[in-house]
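Note that subunit A is present in both complexes that follow, paired respectively with subunit B and with subunit C.
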Partner chain A sequence: MGGLIEITLGIMTAVGGFVDVSEMVFAAQAGSRFIFSLIWVFAIATIAIAVFGEMSGRVAAITKQPVFNLMRQRLDLGPGIIALIASVVTSLITCSAEIGGTATVLKYLTGWPYPVLAALTTLALVAIIWLLPFKWIERLFGLLGLLMIIFAVSTVKIHPDWGGVARGFIPQAPVTLPLKDLVTWGYFVVAIISAVLFPYETYFYSSGGVEEQWKPKDLKINRIVAIVGFALGSLLAMSILVNAAVLFRPLHIDPSIIGTSALQAAIPFGKTGLMMALLGMVFAFSGAAVETGLSSAYSLAQFLGWEWGRFKKPHEAPRFTIAWLATFALALVIVLTGIQPLDLVEWAVVLSIVVLPASYLPLILIANDRKYMNQYVNGPISNTLGWAAYAMICIAAVAALPLYFITRGGKL
Partner chain B sequence: MKAKSLLLLVLIATPLSARAEDLDSGKLTAIRGIRTAAAEAALVANLKQHGRVTDTYADEMRDDAKEELESLRKQVQKKNPDLLPITQAAIDATQVSDIGRLRAIANQLLAMEGPHGRAD
Partner chain C sequence: MKPDGSLKLLAEVRDLQIVDKDGKNCGICDDIELEGGPGKPLRIKALLVGPGAYEGRIPKWLFGLVKAVSGSRLTRVPWSAVDKISARIFLNVPGEAVGLRRVEDRWVRKLEKVPTS
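Our next item is the complex of A and B:
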């Protein structure tokens, strides 16, 4: 019974925490511009994040080490430092985007000034991390983020062309588009892969495994949570895409304002739907801000061999504590400079995809290494899917920057 | 292997980039930005009129749309002054939540875009 509750809570947390500001933005724009032709990208990227999530949880449970420790052991110092810097910068920018996104949505709820809300959001997040144990930080945001389910309910209510949606799961490219738009479509493919596979997700997930002291007996729960939780979370992102195709596209809207996505719930359900969507966005974005803020500190502390972890009191891991506090302070400064959250999202997505190969290679190598994993090494399915996903990430990483510049960040 | 992939990508990307520039990408991007901001403002104003969104949300969204359009006006002022009148018209219509005018502007801009960017 305890195990069942643990699995249910784990899945709900994964679902509620899946969609962040970047997935929200790219899913809505993808649906509006390219109808259902990018659904399969979400599906494949979700298989990849489930595979890597399961792998990182398993490695954490067996080796008692999170991803960044392993990266330090497996990469030479030079590439290791580059991966560290890139990961810290990416997490910082993403954290800024999430705080900016949260403050923007709070503005739609309260009408208060954006800078005040950004500062209050940051203070509230810092207080929550300081006061709550790790498991409850994760569950608080994950469970309240479940309000985002209103987007999936809206999808059912608006009766999309289900045949078209189903066909969207088949890998395809809209070859009838003019060349320029085909290139933009390519940028969206890369951006969606990046948004779903943000490296902070595995840093956070595996660090969480160590924080919660997972053991081999927890592997089953880890597998179910990673596969089912991420899959259901991805369905939420896909529902935002489908809603945008059905509701926004006929009105010539390619959402350029964060709050527009909330209309997907307001159109079918009125003010109640709007409030649920906005509150769900607040918790989903702020949960992602917590994950990215802590990931940045996890990466630094693990790479440099500092004491780390929220299971320790702040004074027992002082450099780790200063690192996450500094991340939130810097993220707030970035937000207060007036850079738009959507611009931050674009930079985070492009930077992330460049870091991804360095993040996931050590993970696959360790998960395949009997010296570390004993009988818990990757099986043939994990291996095949893991290497296939890794190849996809490498191709996306090479294509990301040229596509970003050619398409002006997908605006072309 | 990585170097080869990179070279291949550059070889593919360069002509694509050149062809994209031929179609005056800057203007197209601006038209799209103005069109979507006007359409978003029209939808919010319409939903407000029917009591389906809160006043706070509608007012903040209108302000955001106006801010977006003002930022686009600065861009077109320098590079595409021919878009200035329609951008100003969109700003004015957003300010007074003129749904009909905003929809007409969005339609007009969509026609100016031609066949680009929206899969059928």
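Our next item is the complex of A and C:
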């Protein structure tokens, strides 16, 4: 495992997977509606994804098994099939949200009709996955997605109240708000946890680990990539939240429309900032579309024992190939039905959090099982953080649907 | 080597990935077929692979759903074809020789005609 590849994988997971369309929408809305009072949720959810990411990489390196094989062994066949269906549906809806988000941003850039751009985006992604070796796909989306750094640069430029930002890291609830707003705030807590902890990220990460044949000596790098990569992604998401609080809230700008966040870079940096932000969003969203589309195929192939792998040529893992082709085709159909990308984002987030407990339980059980992991079993820190994070996602999963319906998807 | 001690079949064999002699994935061991009878030793006859083996392991409504989506194909892999068992089941023959990888191979032939990098 070469150093550069690992770092690129880390960057792609951080930027392409971390700041995807749902994270951007929820971070911007969180800032404009609740100022800095949700920063701590991003921070805690980031610790959780770093813990689970590290765990999935470690399990991949030691057992040589991706998450979905383990899920079936640990949950048994029946619950495993239910988890498989839920995860494939979640990945599919997330993929369509990312394609819809990419097409929306491309519409701002080109003025072309949204359905045409959605179809072109899907075709381009399929062609890229089919034709390019996976290392090039990683470089393409990982490096161009770095344009998103403009959001963090904008944060520095607009001089937010850094003391207020720092206080946002302290867990809190705006209890002085009217009940209606407080419930909506609760919905945002759940949505942010879900958006940060999307299960496809660990499927993608651990599958990469199995394919790249990580060994125990790679564990240190795995830990660094998980912690630094996810922290970097989280800082970007937080900067979008802070920018929205400083720039959008006083002007009563509602950033629920995908693409509004690009104004965060346009205000301090003009046209150049706007272009960088929009292009960064195109690559971040389409990078996430690639990950979700492939994740769906990973889940199916690993659960059913097919040949799979992004480093294999399409015909070398034929059913895996057909699975990701079908995912992109169905995702495009969903986008073309005219469902708003924002609604897709909401559904993806709510469905995902309901699936999360089933996704992460087998992982944490295996990482704790000395029979599988030998001396690489969870230590006290991983274990405490892992179970605390698991308790958090279980609470969020139970609260997700009631909060979604009570707040009508945060639109209350 | 095959494990020669007592083998906790359900936990240690069922749901494991099957890998053939050429290192290719050939499906999952979905269930196990045993043979024997009163007064006779109980032996593993075959590994059962394919959605047809799900019957009896999952609720009827779920099996109905699986059957509607993927059919009820079932392949019996004789126990003699098993080379060793660790976190995966390794066969001592190519998957094709015991009826596995049929769908996969059919698609390989179709997809290899499409150009790639």
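What we mean here is this: the second predicted complex is superposed on the first by the 395 of 412 C-alpha atoms of A that agree within 3 Å, B and C clash if a C-alpha of one lies under 4 Å from a C-alpha of the other, contacts with A are read in each partner's own complex, and residues count from 1 in each chain.
FYI, a contact is a pair of C-beta atoms (placed from the backbone, for glycine too) under 8 Å apart; a residue touches a chain by one contact, two chains touch by 3 or more.
These figures come from a predicted structure and were not determined experimentally.
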>> For the combined arrangement obtained by superposing on subunit A, do subunit B and subunit C clash, or do they fit?
In response: fit
>> For A:254, using the defined touch cut-off, is the partner it touches subunit B, subunit C, both, or neither? Pick first, second, both or neither.
In response: first
> Which holds for A:212: it touches subunit B only (first), subunit C only (second), both, or neither?
Replying inline: neither
> In the superposed arrangement, which partner chain does A:64 touch: subunit B (first), subunit C (second), both, or neither?
Replying inline: second
> Which of the two, subunit B or subunit C, is in touch with more residues of subunit A?
Replying inline: B
> Can A:130 be said to touch subunit B (first), subunit C (second), both, or neither?
Replying inline: second
>> Looking at A:318, would you say it contacts subunit B, subunit C, both, or neither? Reply first, second, both or neither.
In response: second
> Angle subunit B-subunit A-subunit C between C-alpha centres, in steps of 10 degrees?
Replying inline: 130
> Looking at the superposed set of three chains, what is the minimum CA distance between subunit B and subunit C in Å?
Replying inline: 22
> Which positions of subunit C touch subunit A when the two form their complex?
Replying inline: 15-18, 24-28, 30, 49, 54, 57-59, 62, 66, 87-88, 103-104, 107-108, 110-112, 114, 116-117
>> So in the complex, the part of subunit A that touches subunit B is made up of which residues?
In response: 33-35, 37, 107-111, 174, 176-181, 183-185, 249, 251-257, 259-260, 262-263, 266-267, 270-271, 274-275, 278, 395, 398-399, 402-403, 405-408, 411-412
> Which positions of subunit B touch subunit A when the two form their complex?
Replying inline: 2, 5-6, 9-10, 13, 16-17, 19-20, 23, 25, 28-29, 32-33, 35-37, 39-40, 42-44, 47, 51-54, 56-57, 59-61, 64-65, 68, 106-107, 109-110, 115-120
> Residues of subunit A touching subunit C in their complex?
Replying inline: 63-65, 69, 72-73, 76-78, 80-82, 130-133, 303-308, 313-316, 318-319, 321-322, 372
